[in-house]
Amino acid sequence: MTLSLFALQLLNGVEYGLLLFLVASGLTLIFGVLGVLNFAHGSFYMLGAYLAYFIAGRTGSLLVAVLVGVPLMAVLGLLVERLAIARLYARDHLSQVLLTYGLVLLFNELQRALFGNDVHGVAAPQALAFRIPLGEQAWPAYRVFTALFCLAVAAAMRQVILRTRFGMRVRAGASNPEMVEALGIDVRRLFSSVFAAGAALAALAGMLAAPLTTVYPGMGESVLVLSFVVVVIGGIGSIKGAFLGALLVGLSDTFGKVLLPGFASAMVYAVMAAVLVFRPRGLLGQQA
Amino acid sequence: MSAHSLSRRTLLGAAAASLIARPGFSAAKAKLRIGLLLPYSGTYAALGNNITDAMKLAAREHKGVLGGREVEWIAVDDESDPAKAPANVNKLIAGEKVDILTGPVHSGVAMAMMQIVRQEKVLTIVTNAGAQAVTGTLCAPHVFRTSFSNWQTSYPCADVMLKAGHKKALLMFWNYSFGQESMAAFKEGYLKGGGSIVKEIAVPFPSTEFQANLSEIAALKPDAVFVFFAGAGAAKFVKDYEGAGLREKVPLYGSGFLTEGVLAAQGAAAEGVKTVLHYADGLDNAANKKFRDAFQKATGRSADVYAVAGYDTVNLLAHALDKVKGDTSAQKELISALESARIESPRGPFRFSKAHNPVQNVYLREVKGGKEVVLGVAMKDAEDPAAGCAMGK
Amino acid sequence: MIVPPRVRALLIAGAAALFLVVFSGDRFWLQFLGKTMITCIFAMSLDLLVGFAGLVSLAHAAFFGLAAYLLAGLSNHYGLVSPLATLPLCLAGVGLAALLIGWLSLRASGVYFIMVTLAFTQMLYYFFNDAPGFGGSDGLYVNDRPRLGPIDFGERTVAYLAIWIALVATYLLLLRVVRGPFGRVLIGIRGNEQRMRSLGYPTGRYKLAAFVLAGGLAGLAGYLDATLYGFVNPAHFGWRVSGLLLMTVLLGGKGTLHGPVLGALLLGFLEHYGEQVTTHWNAIVGAFVIAVVLFLPRGLAGLLRGARG
């Protein structure tokens, strides 16, 4: 592999990883703070993508779709949390898993009933419909944009988590919910907002990805397992960990495809297993 | 959304029907039970729905009666899951006791189905799955296929590419049976014709992260690229191919599934992509025009290659069942009626080979102005080599 | 673990009813119930881990599939048809795999344990899907199904009987195990592993033993499935199957043994009849699952507990 090709694959891996981070960030938030294994995460991603298709199809603008769709999905997340998930905080985690699984089935049928079974395309915004040449290769500008956008979201999340009171409560809630409650902070409000934020992030990821992946039934499933892998590699509840984990997954998947094609499919899982051997709680998870 | 009304039976009803449908009893008057083993949920649901709706359309054109018997549809959602396939096949054969079994979409499901069907000897029409073995090593007298074999949708492209002067090709495909058989067929023709393969890139199925491999292609600079992808993955591939700047630089060829059903989603990225398939939306013949109009009217969707298979299946059955006056127990006569059938399908002239696979033209198509334009016939009367099948050889 | 008399009566009645089906000779019901019984064995084996040892494993599908492929390999390549040869070999193979996977996975705990088991089942899925010579995504036929003299286990009625015997035997075995000292230690570990360790129990070894036993029983289910259908496919592996099984156990009520049986039976019938009502039958299953979670905290088995809270 020449140096320039290596550099290019490096960029490919980073770009893929950044998008993965956006998808997984909501999951690690929910996982870390609420302790809920949210199987419906892929469904939020899918619903976001379908909303993008629907709204952008009618208004001609992906931006409008995002501005309208993300708050909509946050509200949906809120409703799901209040009506279903909240009832299970007193019960064990597995009940929550089972509930979110039931939700997945419902959301899948909802999607099919509303939008049918066909594959739909979503146009990238006109302003970004050009190509950026890189030597002999080229990259679509929209891809570069989404990568940069994910980076911006990561930075914004960092600011919120580290510098705001909400972020402080999130961090506290992630490490010790009982203490947080004892300190008089409304844990229920916190959980609701975190779940809503997680759902919104997943939907945002779906909307951004829609022009790249197209919109089709079952698109949430493929993303779900990968999100879990990223979160676990990074360490549950750690946004920074999810960021590193996503980059690691993106790079290993990219280079795996090119260097070890026969092994490529299992590569990501092998990487996760390897990380857990050395750091049983993930890269930046709370060490036992 | 599909508005097909499915007539279902409770198990009690099925038990009652099984008493009636015993051979020897006046079978001519009992309803003709046609089983549909197709995906109605999951990624392939669109195909399952199109095949079903086209079959029902054809049946309506025969006034709902085939061979003097009223048609009754019994559908089972196979979810394209091979692990559940044996149970689903048994639901249709042993539970609902269908007279004729049709389907499936997924080749893994087809393999499970073939094993049971070869023992139970129910008349079976494969309406999509292209696995070579179905009319190859596993061929059987009571099994017919009305769709295609994986070989037929790839082999003809070798000649096309060689004639266009592309002597060094790169292959990229999903690494599962459909992709593997497609590539094997393509290589067979391409290497024989003097072409050479620069590289074979097998993408894990169903991964849709192509960026890494596309960068490789740009660096390797082959004359042309031949690929196999289908559905949403194909939509993404074509878009990514264009996004990587390859569309103008390296001509893209593929088996027709690269664009079938996803052309709208691919948009301008698909311009100039050439594919080979035994059907094209724009085929200029009377049967196709009539079919497409009727399908559009009945379902509100455009017909596609999958629908054609369903349509032809029922038309062929109508022809054969008429010959035996609806007596499905007269299997030998039914089989020879099918074997001798020749119809004008929307895809062109259609007949079965000795191995019971379609003998059909394979067309070369190019995407121009967002539509599939037929450039010509890539291979006339293409007949699958039916490796391993002993029938009629 | 006390089995309430109401439940015991129900189980005996159920077993008797299932046994009587043998005489019906009905081609469909023998296969359908045979498959459902296999799922019951599969679910019970997972309950040992989830309900009693507190280990949520997503690797279970791997052992099911592995046994099925081993049978296919032994039959196709070595021409072994006697179950006296193939069954012990398949179980031994699966046991070994469970030992290895368990030993590696148990180094992690909690959610991380779950994810490592997931990783293994995915890797096995890709192995059997991608590696040449294993049939790939289309799967393999078991050319010669298990035969013992004149008894052909591939024959519908015989297979059904064999599965029925295996189901009853598995239940009784697991009942024995969870009631005995081994089971009690597992339950203790599930409640508070630290305390068990401080009491001197090598908890790691107990957990590993449970993992191997559960894996072996999952392998038994896979063996029976390959015998019943004569067809193996990579679709048997993968997280979806494991996930669905976990749902079945939770739905039925974990930690009861009969709960997962109920869950498997109910889901099987729900799918079968739901499909006849609407193409959106998945929504029915989804709504059902949610209803059970919200209103039946102990799963379906909770319905049978009656007055005893």
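All chains are identified by letter, namely A, B and C, in their written order; residue positions are counted from 1 within each chain.
Throughout what follows, contacts are C-beta pairs under 8 Å (C-beta built on N, C-alpha and C of every residue); 3 or more make two chains touch, one makes a residue touch a chain.
All figures in this text were calculated on a predicted structure; none of them were measured in a lab.
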{"item": "Remotest chain, chain A as reference, centres from CA atoms", "value": "B"}
{"item": "Result of counting contacting C-beta pairs for B-C and A-C, higher pair", "value": "A-C"}
{"item": "Distance between chain centroids, defined by C-alpha means - chain B, chain C (Å)", "value": "36"}
{"item": "Mean-CA-position distance for chain C and chain A (Å)", "value": "32"}
{"item": "Contacts with two or more other chains, residues of chain A listed in rising order", "value": "108, 112-113, 262, 265"}
{"item": "Chain C, residues touching no fewer than two other chains", "value": "126, 129-130, 282"}
{"item": "For chain B, residues contacting two or more additional chains", "value": "41, 175, 204"}
{"item": "Chain A residues within the chain B interface of the complex", "value": "2, 5, 8-9, 12-13, 15-16, 108, 112-113, 116-121, 123, 131, 133, 136-140, 142-143, 212-219, 222, 253-255, 257-258, 261-262, 264-265"}
{"item": "Contact set on chain B toward chain C in their complex", "value": "6, 8-11, 14, 40-41, 76-77, 81-83, 85-87, 90-91, 94-95, 107-108, 111-112, 115, 131, 133, 175-177, 180, 204-205"}
{"item": "Chain C residues within the chain B interface of the complex", "value": "26-28, 31-32, 35, 126, 129-130, 136-139, 141, 228-231, 233-236, 241, 272-273, 275-277, 279, 281-282"}
{"item": "Parts of chain C lying in touch with chain A, wherever the complex brings them together", "value": "50, 56, 104, 107-109, 111-112, 115-116, 118-120, 122-123, 126-127, 129-130, 239, 243, 246-247, 250-251, 254, 280, 282-283, 285-290, 292-294, 297"}
{"item": "Parts of chain B lying in touch with chain A, wherever the complex brings them together", "value": "1, 41-43, 45-46, 49, 175, 201-204, 206-209, 211-213, 215-216, 218-219, 231-232, 235-236, 239-240, 242-245, 261-262, 264-267, 301"}
